[in-house]
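Below are two complexes that have subunit A in common, paired first with subunit B and then with subunit C.
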Partner chain A sequence: MSRSGKILLACVAVAALAALPELAHAAGALGDPAPVPTRADYPTVGGMGGRPVVWGLAQMHLFLAAFVLAVPIFVLMIELAGVLTRDPRYDAMAHEFLKISMAAYSFTALTGGGLALALFLFYPVVMDYMLRVFRGQVLFYALLFGMESVFLYLYYYSWDALRHGNRKWMHLAIGLVLNDVGLTLMFIANAWTTFMMSPAGVDPLTGAITGSVWEATRNPLWNPLNLHRFLANIAYGGAIVGAYAAYRFLSARTAEERAHYDWMGYTSNFIAVAGFLPLPFAGYWLMAEIYAYSQQMGITAMGGILAWLFIIQAVLIGTILLAANYYLWCGLNRSEAGARYAPYVKYIAVVIVGGFLVWVTPHSLILTPEEVRILGGTTHKVLGPLGIMPAKNTAVNLMLIFTFMSFQMFYRSGREPTVPWARAGNAVIGALYIAGIVNIVLAGIYGYITPTVYKVGASVPQVLTTLTIIIACAVIDGFMGRGARRNKIHWGRMSTRSQYALFVLPVAFTWLMALMGYIRSSVRTQWHVYAIMKDASPEAYIPTIGDAGNMITTVTLAFMAVIVFVFWLSQLGATKQAADSSEAPAE
Partner chain B sequence: MTFLKVVAFSLAMVFAFALLANILPQVQSNPPTEEAVDTGSLDQAGQIAWGERLFTGKGTCTLCHNALGRAPDLLQLDLAAEFPSRIADPRYAGAAKEAEGPAAVEAYIRESMIAPSAFVVAGFGKKGTADKISPMPKVDGPPISLTADEINAIVAFLEDRAGLEVTVPLPSAEAVAAAESAGDGADGGPAETAAAAIVKFGCGACHDLEGSGADVGPKLGGIGARLDRAALRRAILDPNAEIAKGFEPDTMPQDFAEQMRVSELDLLVDYLSNLPAAEAAR
Partner chain C sequence: MSRAPLVFLVSLALWAAYFYAVDILIMEGQGLPVTWALMPAS
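For the complex of A and B:
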């Protein structure tokens, strides 16, 4: 085929693909109102309703999908870093990261298939409507899933064949396409999820389809969720491979192995925290959009039946930040220069622990009637004010800034700046920190004295301040690091205890992801599709925190079992049986 | 050994999080239930009480209208004092000022529910709209979907709460008048006793009540010890919500919510709550 013929064929293929979602228009009765399910529309299997089955499968699928979509993102970046720095260690580590995720891929497909089956089995009427709304997009999703498989296997198995020279760039291009396909898959699934929260492209009274698939896709909460899940996936993927590295570090038999897995653990922690630091801001955007879409939905999440869940969220995030910081502080021992930062650790620890305590302080206390009588209410006079958003926003921003400071200390322990403006640069960084912290505290105080409707707005300058400090300090440090004298980093010089911090991250992250998913889903209250299609099943209630916590724990344990198996498989792949001398060929 | 230590450490953490979830306050949030109200027999006091229940229940008004400042606290607001300045405000775009006296207040309250952006109290508008658009949903549409009678009941409640004359008519005054002029009404009037209600709704045809000896439905002796009043109410109005072991769904009529008057439902719930355990009352 001629070159122009190929181009023409490609154009036709792309156009067909783009039109695919609309091709199925005729198949559905678009003008019909949304169905109104009755109790009879919710089959049970063995007396069991659909919710626990769908909840468990959906959460497992999300855990695995987050992991297998995230790993190729940072693998590609590490591979590129290897090309740019010509350091072969990056390439080996990227390949090892990808190997871990490969075994998880088939589990992702398995749980995805199970989830689809369960949805059609238990919620046929809801799925019928969703298929009517998203029409051929579902076929497009299936097509992308096939492409994801092809490019993932191609990326992994061509690693050694496309290792050097121009071929390496070809390999990077395959990785790029793999990530494009993976992210598109996630964005499509996010559209279905967010459509159920903030339906668009349908008549608000009847649910009849009035718009295109694209209108339903770009509903008000789609992009906030896209960003939130993109960042969360990176943090999550980093945390899981960090646990792999920590386990291999603890099981290492040689100093060389320890050094390798220490470096791998450090990189994983870096990825996890780098994805995690901007996550609260993406969460803030998502919640602000939820409030803008429906104040009722926002209040249900933050100030209503689900409000106590945010105390658990605070405990989980506090645990993650404490563990990540502890690991970084232990890392200062890897170099002699790190010792000079050790005196500052205690101050950072005070801020992180203090922030954590403020964050977990509830506005209303759980008290006996006698205690309520003595206290004169359910709110403590001194601690009560710490339970509202201005205090919590201030605490979170300070925790993030000081976590970044821990990172910066470790980064600087490996470098001695030689640029002539190093002193001035340090002064600017110091001034940024001081001015930023003062600004965050003042904005927090302003949050107390302004009416409720402006309280959330008061957190915007806090968020911008934190981002400014992180970005500006990273840029200044980057320039100061040019031509810097490198200090020797003794990889492998880490305590056993420090590695347990790397197990804290994935466990807390997994629990946290399931918790936030439960909150996000529950804000729809008794609606399948908010204000369009009511849930008429006997399970249309929001379960208690305890019931939800037990379900989250069950799914987390199941996921941990799968991950242990995946780790074992990836190790098994590298194990070679020693030759039996009795089977040696005769001379 | 390392593997076991890591697994034990991870499990301890997971169970600590689960423990935390189980020691916090445990509240299950059920979807709002449609209250069976006999609008034909409501007097003004009953309508006001119904309005209050809707205000805190199905209407979800207190989600925002409370002391936390998301929306004006209607239970504390002196509406009589506030009202004149609101409709005199140049931003006011509603039609309530065309009415006069108490009728204007009634129109304003109703309008604020079905067209909340007609006037937005300063500081409570949707972000970026300069208080021109209210974040409040129209209560006659989803997700709240109050009926005209329910909106009227809330208006009556708020008028009464503000110490104003309640101007809202009873929901079906015409129907009541028609029923009175036709003698006892189409359905023979509400049952006065539990026994009469049992006969009227045919409960004894399936349940062993009042000596009927029927066994199509479960025995109800001592049911008051197992179910509280709310659960009994639900079992009558939504019988498929929970089916007793050994019995089939869809056997009991599903439309008692439409058939029964509130007083009759209360009679039955009282009766069942006190039904002795040994045998069905005779």
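For the complex of A and C:
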């Protein structure tokens, strides 16, 4: 084909893609109002309604999709680090990370297909409306899914074929396209989810389609959820591969293997915490946008029955931070210089545990009349004030700052700065910590003595202070580390116990994601599409916390079973059977 | 004599001024003017 022919073909392909959303547009009756489902529109199978099936499959698909979309993001970054540093260990580790996610990829597709079938079977009227709203975008999604498969397999299988020189850059480009496709897939799926919470591009009274697919896509909650899931996926992916590294570390037979998997575990923990540190801020933005869109929806989430689940959320996030910090403290033993930081660990532990306790303190308690009488009210006189947001925001920000400090200690234990301004640099960092922490505490106190709107407003400066500390310290440390003497890090010199912290992370993350998914979905209350299409099924109510707990735990255990299988498969792929002497060819 | 203590004090003052300025900017940016009238009467 001539060059102009290729260009023409490419133009036609691009035009066809652009027209896809409008192809279905002509076929559907867009001016019709949203359908009003009746009880008869919700089929049951064997007496069972659709909710538990769809819930379980959707949650499972989300776990797997989060994992397989996140891994290529940091694999690409580690591969690039390998190219820039010319250290082949990065390349080997990136390849191994990708290998783990490959086995999970088919499970992602299977649960996604299962979810789609279950939705069409149990919720045909809802799906009819959703397809009318998003029209050809659904086909575009299918096309992207095909591209994701092609680029993922291409990226993985061309790893050794495109290993050096310019070919390596070609491989990195394939990885970049893979990530573009993966993120676009996630953003599209997020648009469908958030449209159900904050519909746009439709008539608010009738649900009739009034706008384009793009208007429905960029609904008010779309970008907050995009950012939140992007960060959460990275944290989640890091936590899962960290568990893989711990599993391989514990089953390692040689010192080299232990060193490799210890380094892999450290990197995974770094990725998990790096993704996790900004996550509360993204969550804050999402919740602020929920309140801005519908105050009632916000109050349902944080002021009603679901409010108590945020206490459980605090327990889980506290568990994650404690486990991640514990792992980092154990890691100080890897170098002789790390020992000089050991005396500070107890102070960090006090802040992390103290912050955790403040965060889990509820404002109001579920009490018997007798208990209310003894207590003199529904809130505890001393602990009650710790139950409101200024205390919790202060606690969370301090926990994040001190977790970062644990990282900084490990980073510094491997380097002796040689720049002449090292002492001055340390003084600037010390002053930053003190000024920042004082600012966060004062903003918390300010929240107690001002009206409610100021309490919420004061949390933004707290967040910015935390980010300032993290970014400024990382930049100063980065410059200070230039030309630094490297201390010997003894990779593999880690206790067995420390590896269990790496197992705690994915379990807590998985349970947390399931819990927050339940909250996010429940805020729609009795609506399929908020304030537009009512749920007329017998299950049009928020599941009780007990029922939700059972479902969340079941799905978490099922996912863990899949992950153990995936780990086992990854190890099986590297296992070679020794030749049996009886089957050896005759000489 | 080491200049580190002096650097520490100067940077402490500068960081404190920076945080104070940013706090005020953010609060007022949210339409929440910060005045002494907000403080409870002693």
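Throughout what follows, the second predicted complex is superposed on the first by the 586 of 587 C-alpha atoms of A that agree within 3 Å, B and C clash if a C-alpha of one lies under 4 Å from a C-alpha of the other, contacts with A are read in each partner's own complex, and residues count from 1 in each chain.
By definition in this document, a contact is a pair of C-beta atoms (placed from the backbone, for glycine too) under 8 Å apart; a residue touches a chain by one contact, two chains touch by 3 or more.
Only a predicted model underlies this, so the values are computations on that prediction, with no experimental measurement involved.
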Partner chain(s) touched by A:427 [first = subunit B, second = subunit C, both, neither]: second
Contact breadth on subunit A, by residue count: subunit C or subunit B: B
First (subunit B), second (subunit C), both or neither touched by A:436: second
Touching partner for A:450 - first (subunit B), second (subunit C), both, neither: second
Which superposed partner A:39 touches (first subunit B, second subunit C, both, neither): first
Touching partner for A:548 - first (subunit B), second (subunit C), both, neither: first
Partner chain(s) touched by A:508 [first = subunit B, second = subunit C, both, neither]: first
Residues of subunit A that lie at the interface with subunit B and also at the interface with subunit C: 451, 453, 457
Partner subunit C, residues of subunit A touching it in the complex: 423-424, 426-428, 430-432, 434-436, 438-439, 443, 449-451, 453-454, 457-458, 460-461, 464-465, 468
Residues of subunit B defined as touching subunit A within the complex: 2-3, 6-7, 9-11, 13-15, 17-18, 20-22, 24-32, 60, 63-64, 68-70, 123-124, 126-127, 135-137, 141-143, 240-242
Touching residues (chain side subunit C, partner subunit A) in the complex: 2-5, 7-9, 11-12, 14-16, 18-20, 22-23, 26-27, 30, 32, 38-40
Subunit B-facing residues of subunit A, complex: 39, 204-205, 247, 250-251, 291-292, 294-296, 299-300, 303-305, 308, 311-312, 315-316, 366, 451-453, 457, 500, 503-504, 507-508, 511, 525-527, 530-532, 534-535, 538, 540-550, 552-553, 556-557, 560, 564
